[in-house]
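Letters A, B, C, D and E name the chains as they come in the text, with residue numbers starting at 1 for each one.
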Amino acid sequence: MSSILVVAEHRNQTLADVSYQVLSKGRQLADQAQMELLAAVAGVDIDAYAKELTRWADRVIIVNNDQLEEPLAEPYQKLIAHLIREIRPGIVLMGHSSFAMDLVPSLSVELGIPLVTDCVDIFWQNGDILVTRSIYNGKANASYSFAQSETILITGRVGEFPVEEGQRQGWIEEIEFAFEEECDYKKFEGYLEVEAAGVDITQAEVLVSVGRGIKEKKNLEIVEELARVLGGVVSCSRPVVDYGWLPSERQVGLSGKTVQPKLYLGLGISGAFQHVVGMKGARMTVAINKDAKAPIFSVANYGIVDDVLKVVPALVNKISELKGRTE
Amino acid sequence: MTLTNFRYGDVIHRCFRCGYCKFPINWMDVNNCPAYARFRMETYSCGGRLWLTRAWLEGEIEWSDHLADILYSCTACKNCEVKCPLSFNIDILNMMIAAKSEMVERGEIPSAAKEFLENIQRQGNPYGTSREKRDEWMEGTGIEAYQGQEYLYYVGCVGSYDTRGQETARLLGKVLQKAGVSFGVLGNDENCDGNEVRNLGEETLFEMLAEDNVAQFQGLGVQKIVTLSPHSYNAMKNDYPGFNGVFDVLHYTQLLQELIRNGGLDVSGGYNAKVTYHDPCFLGRWNEEYDAPRAILRAIPGVQFVEMARNRNGALCCGGGGGNFYLDLLGGSEDSPARRRVREACETGANVLAVACPNCLTMLEDAVKAEGLENKLTVRDISEIVGEACVIK
Amino acid sequence: MDPIYQALVDIVGQEHVSNQPEELFIYSYDLGTTEPHRPDYAVTPRSTEEIQEIVKLANREKVPVVPLGGGLSLAGLAVPFRGGIALDLKRMDSILEVNEKARYAVVECGVSQGQLTSYLERNYPHLTHSEPGAPPTATIAGNVAIHGQGDLAQPYGFNSDMVNGLEIVLPTGEVCKFGSCSIGSGWFTQHPLPDVGLFLGWSGTTGIITKVSIRLFPSKKIRGVGQFVVEDEELVPEIMYKLTHTQMTEDIVAFSQAVPPFASGLQHFTINIAADSEKELEFKQEIIWDDTLGEYIRSGAGGFLGFRSGLQRPQVSKTSDWRKGGGFEYVGSIMPVDTYPECYRRGREISERHDIPYTVLGRCVGTAHAMMFSWTYAFNRADPETVRQAREALHETDDLVLELGGTIWKPGLYGQKLVMERLDPNTLNLMKKIKQMLDPNGIMNPGNWEVS
Amino acid sequence: MDIIACIKRVPDTSEADVVKIDPSQKDIEKDRLAFKINDWDEYVLEAAVQLKEKLGGTLTAVTIGPKEWDEVLRRALAMGADSAIRIDQDVSADDPHIVAIILDKVIRRLPYDLVLFGAQSEDFGSGHLGAMVAEILGIPHATLVINLEAEEKKIHVQRELEAGTLQSYTIDLPALLTIHTGINQPRYISMGGIRRAMQKELQVMSLSDLGLSLDALTPMVKLEEMRLPPKGKEAELITGAPEETAGQLAKILKDAGIF
Amino acid sequence: MYELKFNESECLSCATQDCLTRCQYMDIDRDTAKAEILKIARGEDSFVLHDCVTCYACEEYCPVNNHPFYLIVEKQEELDVPPLPRPLIRRGIQMGIPFRGEPVIDEINGQTLDMGAFADLMYLIQGKLFEGLPVISTDPRKMFHYFCQLMYLHYGRASVIKERLPGIIQTIAKHNVTEVICFHDECYGTYTSYCPAVGIEVPFKSIHFFEFLYNRLNELKGEITPVNLKVAYQRPCSSRLSSDKHHFVRDIFDLIGAEYVEREYVDENALCCGGTIQGQRREGSRKRTADVQKRNIEDIKNAGAEICVFNCPACYTTMGRLVAQNGIRPVFMSDLCRLAIGEKPAGWR
């Protein structure tokens, strides 16, 4: 195997966190196998990104093309296919982002190369690359090997690979790339940012966060009450938004907000990784859930295994009592 | 939909909305319809729901989440049927259930009801907890599997899965053991009785549950059944015969009353408390068994029995019927029926509120906490009181 | 977000306001034949203060307010003809005071007749109030607001005559008290302060009654009903006259109806008698049946059907099921007692013309000073033709009341129009001035008693 | 509009402690688990049925699996699918490439304007089957679709990106979408509906019917081993009745200076 | 139309004139009796027509089964001597008009129990005694379609009975029944005594309720535990029309181990429950009723009864509470029988 290629992703003048994460992993894998680590970045005004990437990559390939400014699957598929054909890397590594999910499956079919997505671990074993995936919603792990292939495609789970400071000083190589024709059957129309109306959960010191364990929209009342006595704000996991119980601006997690409150109180949240990714930065986490084996308990500092609807009213009373005593 | 699909098209317009359906044992207030007591808008009264259902059937109003919530807030407590002075009163609940059935068939039901029913489809219980855990309540009790004993002890979903329900299920088991009753349980092979499924309007699922249960019971040669929950009792006594499942079904209070009367159960250990009793709808209004639980309490030395202002067929529902112990459409307010009920229990000066239904137990116990009455009132299932009186730890 | 809705939420809380189609649908309907009109909001306040805020808001926003208690007027008096806020007062359900010695009770406006009955039975068994024939869910305040009468009308008159004091939220939001309570005394009398009787009989168009003090009366240990039947309707006025002369009855009602068939063509009396002992009861029975009505029994013109202890309130809602249709409406009137035969005959004709089983009833008010005579028309809610027939019959009956020299009790819109057409112009003018002064924005139950 | 919905059946593993690894270490123990339709696929069916109700056309539900998988097709039929096809082959643990090749063959035989997949599955959750099929079929796709509006010849979709951002596309038909949860509120499927759906025909095909053989389908990735995830750190558990646990927690929070 | 079969010569040649001399409510000697009954037979007014309390007893007393009571009723109507005030007669007649739609007719093809106008007492029809027995007239709203009409004997209106009864019989016959067990004596009397007396044809066989109970109890003999109770029986007026079945009361008592207490007003000497007398609503009826009831109660008490058994719902209504107030339990015969086979009586109060 010759090289590992990491394709970096950026939007809104920022390189995605997950790109740094897989870049770090790529660096480690390359070092272990004494391979070259390549990074690719495309778009307009990308020199700053490229420079950034040289801290990890031995070589950074840049493609200046305004059609690649936005992370859109179709143009990038063409670019990456081109790069693979040209460079023939042994491994192509990307973050498992929404962008990648739209892109890599088609790419693997187009090139006839193996793909494993959303890996939580990537490692060498007897000279072969192996990956581990988290399956059954985090309740089991599975490791995979690859059939013989010149190139394999891997995406890595957001938040799984710690960013290690890059020590390299790679060099930048610009490649010319032009599109033969425009993609007219799938037209990008723009972005829609969720409006931050009213409550900004990223600014709250205390978040009382609810999951589907609260069962019913009406039960938000008592949760609001708890948030009130704690001087905090109510946030939630994805199902609560899916059910329409709270607006999406209150959602914590991969497709919602990333938060770092002083206290994160998870009520009836099982703790799927998509959620945990958004709240790992909390200074103190308390989880209340009926299911003793819920993954949230391995993230939390304190846990209560019980029905939230039973504990929360009692908690409101106790806190009010304690507050009453101090005031 | 038009009236033609609705089985009660020639009846539903007959409600005048005079409001007798809201009365308790007398006319002391208009809050004995649990949903009306909770929301106090006419829409939530029995008459309101009937008029709305009719308006929906006639196309005067559209289906909405709110409409579904209003209909599903009916706890099937039967107060309306018992109080309505008009001759179609026997159909009131059937009309409500039929309206829910329409919603079920269209798939448009409150999300919690959807979850409830899907959980039962999948795991045989409303909580969605694995079937494999149904027997966890009986760990270490030495209760045997059913294999031709005199009684099948049917525990039900709340007794099998709810922490508090499990305690009563265990205690009742121990009481029966102590009385030397020959009985066995189904453990993990027990399935939901379907009573609430029927009340939620999921008729076919109910039929399947009833058919399966009847076949299972018959296959095991079951003749007598004693149930922990009045809900199971109701389904098995009144509905299963329609599926060729005729069994001798007893609610456990009926069996315990008999055991105490004939000396089979010694309760001389006594229970020192001032006790009031909350009639569960499916034992009381649905099956008119008001006496057995009272007789048990009166037979226990030390029990000072007092009645609440609303009792027997005028009892206020705990708000947990019609699946609402899970759907909880009536929770979240001091007007919630369970909270009203525990305040009423407190007014009698009793320090123990006795119940005979695991649903009522959990509903009322939560209400005691919500009301902050823990120091004044304890909720106990009669099985627990009897357990104490016959000195079971 | 609708600012009025939001303002209402701020006043009474989210759970007690609705602008959802479901609530608006229910509050748009009267139980009788009146065409429905949707309110914009349904609100269930809990206090006088909340009502004040709501009324002030309504004035600012020029939104009608339509108060209702039991919602059982059957004359469409709580239908929000101009939309606005349907104000369901049933959460105001506290019995504030019972003064045993002065025999009165002060209640909030949502207290139902049945609630007071039941409360008195449990706590003051020797006191009672005059219960109307409506379902016991009807409210006391609603009943006095329409000059109702009850089962003590014979000795004590209209329920509105039993009012000792009122608390009112005026259409402009101020709270006023009337009667002895207004000068800080107890709620024991409405007199002898200057008369400001601006609220009784106005059907909620001049303000919202929030508290009522109502007189209570002795409740004897035995209260029961005797029944007497005659075939000849002409005998009814004189029998009422004779019965009231005994001063021994609590309630005298004569009725005749096509269904059930046994009652058809006969005039039934129900005569309530109360006594504290068997001795008193026997004495009264002897006076009433043997001495007063004996002559009719001897001649075979009248028959005594027996006496039953215990008062059972007539379940009038059963009337709604006569045509298996869930509906009825009646015209009530206040008539001279001697018009009974004519009322019966003409009413029967109207019913038969409209293919409705006839039902008429006359309740003696005072010592035969007047009677409340009613003509009831059942209809089938699911059959618009029967609703139309009933509505026509009701209008014809309104005409009849005035033709026979009576007054319409709690008239609906049609009856109100008839009454206002005949009203002394000076009186009408005074009503206009009063209404204009009290309710400058015309927000209180508009559509009803529209004098201007 | 003719729609094809590709759906699957998964074990209910919502409770963590029901998942146990099979001795082969290639699978979990499934025999005592309850099974259900894949969560995302419920949204797929609801979206498909809503489109059909609005625009007419046909809806075909497709799955690949053994006999028991008919169950999810019955749900689809109960919900309003016109026909249902099951490819009788257990591929649940196979390389999605292989599954994609099989589905391509099925879909090509059917009329379609729109092909819908769940954005991922509850079991393996790789989330790339749909887009692979699109590539083989040679039609445009969008994954993680959270909003969908269809016209005669094209659709407007919004994809969900990170941090609450949505990405809008207009795509010409035929196209393939993978549907994310929250796009709608899936309706309840009544048992009566499912029973009635038993009357509807359910077509079963074998690989050879599609001109395929399993030997010819070479996986590019191979499952080596399944394990339970390593135990992470565990929270300090507070135990007792609700009032006790609540009391202790309140004190902890107070001591931590939260209030 | 239907004519009462009455034979004047039988009365002429009667030696006892038991019909009137044994009357418990009028004091009549033999000579007066003969004179009055002949006056009545010939269509002349008689004080008997005015003073009769319509207790049916003379039907039983008549040694030759010449229907003196039916005759009295016919003549009351002919001579316009109303036994109660006219408005009440009209009201009573209108009472029996069915007005809530047609009954549901299920084909029975055999034996049935007819509740007559007492559908609301269906709760009494429970348990083993009635297992498998089809019942007609179970809907209280439709029960007047099964109302045997004989009540109008009390109203002096035989014409109403003759007019309506054939229709009622037809309704019952529509069920395709062969044997009709009559819940109420009055129905049994209608079909076995009144109908033959006036020539109305009855296309089914009627079975007395007590006979049915007796036979069923015999079938269930093994399950009978003697009740060991002292029981008084309050015999209703309609039982006078089926005196041949009266022995079943003792037979049933023997079978279930009940002691038939010796009372003065027993068997042929039974005294009206007061319902009929009260129902006449004439001047003095109220006091007369009270007197009759008092005598009955004293008699039951003196006989040492613990239980008073009824078969007629009217008697039960009139006297039940009074009996209970005097410490004696009122109970329907069917309930007493159920008690004997270990069932819980439905009407136990």
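Criterion: a contact is a pair of C-beta atoms (placed from the backbone, for glycine too) under 8 Å apart; a residue touches a chain by one contact, two chains touch by 3 or more.
Being a predicted model, the structure only gives us computed values, none of them experimental.
Novice: Determine the shortest chain-contact distance, in steps, between chain B and chain E.
Specialist: Minimal hop count between chain B and chain E: 2.
Novice: Provide the labels of all chains in contact with chain D and in contact with chain E.
Specialist: Intersection of chain D and chain E contact lists gives nothing.
Novice: Please identify which chain has its centre, taken as the mean of its CA atoms, farthest from the centre of chain A.
Specialist: Looking at centroid distances, E is the chain farthest away.
Novice: Where is the C-beta contact count highest, in terms of which two chains?
Specialist: Top-ranked chain pair by contact count is A-D.
Novice: Of all the chains shown, whose C-alpha centre falls nearest the centre of every protein C-alpha atom combined?
Specialist: B
Novice: For chain D, which other chain has the most distant CA centre?
Specialist: Checked the centroid distances; the maximum from chain D is E.
Novice: Could you tell me the distance, in whole angstrom, between the mean C-alpha positions of chain C and chain E?
Specialist: A distance of 46 Å separates the two centres.
Novice: Any idea how many Å lie between the Cα centroids of chain B and chain D?
Specialist: So the centre of chain B lies 37 Å away from the centre of chain D.
Novice: Where the centres are mean C-alpha positions, what is the separation of chain B from chain C, in Å?
Specialist: 40
Novice: Between chain A and chain C, what distance separates the C-alpha centroids? Give it in angstrom.
Specialist: Distance between chain centres: 69 Å.
Novice: Could you pull out the residues of chain B that touch at least 2 other chains?
Specialist: As it turns out, chain B has residues touching two or more other chains at 87, 111, 369.
Novice: Check each residue of chain D and list the ones that touch at least two other chains.
Specialist: Within chain D, the residues that touch at least two other chains are 14-15, 185, 242-243.
Novice: Provide the full list of chain pairs in touch.
Specialist: Between chains, contact exists in these pairs: A-B, A-D, B-C, B-D, C-E.
Novice: Within their complex, state which residues of chain B touch chain C.
Specialist: 10, 13-20, 22-23, 26-30, 39-43, 48, 51-52, 55, 60-62, 64, 66-67, 70, 85-88, 333
Novice: Please name which positions on chain A make contact with chain D in the complex.
Specialist: Per the touch definition, chain A meets chain D at residues 16, 74, 97-99, 101-102, 104-106, 108-110, 113-118, 130, 133-147, 149, 158, 184-194, 206, 229-231, 238-239, 241-244, 248-249, 251, 254-258, 262-263, 270, 284-287, 291-295, 297-307, 310-311, 314-315, 317-319, 321-323.
Novice: Considering the complex alone, what residue numbers of chain B touch chain D?
Specialist: 104-109, 111, 113-114, 117-118, 121-123, 128-132, 202-205, 207-208, 369, 374
Novice: State the interface residues of chain C toward chain B in the complex, per the touch definition above.
Specialist: Spelled out, the residues of chain C in touch with chain B are 15-16, 18, 20-23, 25-27, 29, 31, 42, 44, 70-72, 88, 90-91, 93, 112-115, 117-119, 121-122, 135-137, 315-318, 320-321, 324-328, 380-382.
Novice: For chain B, which residues are in contact with chain A within the complex?
Specialist: It comes out as residues 111-112, 115, 163, 326-329, 331-332, 366, 369-370, 372.
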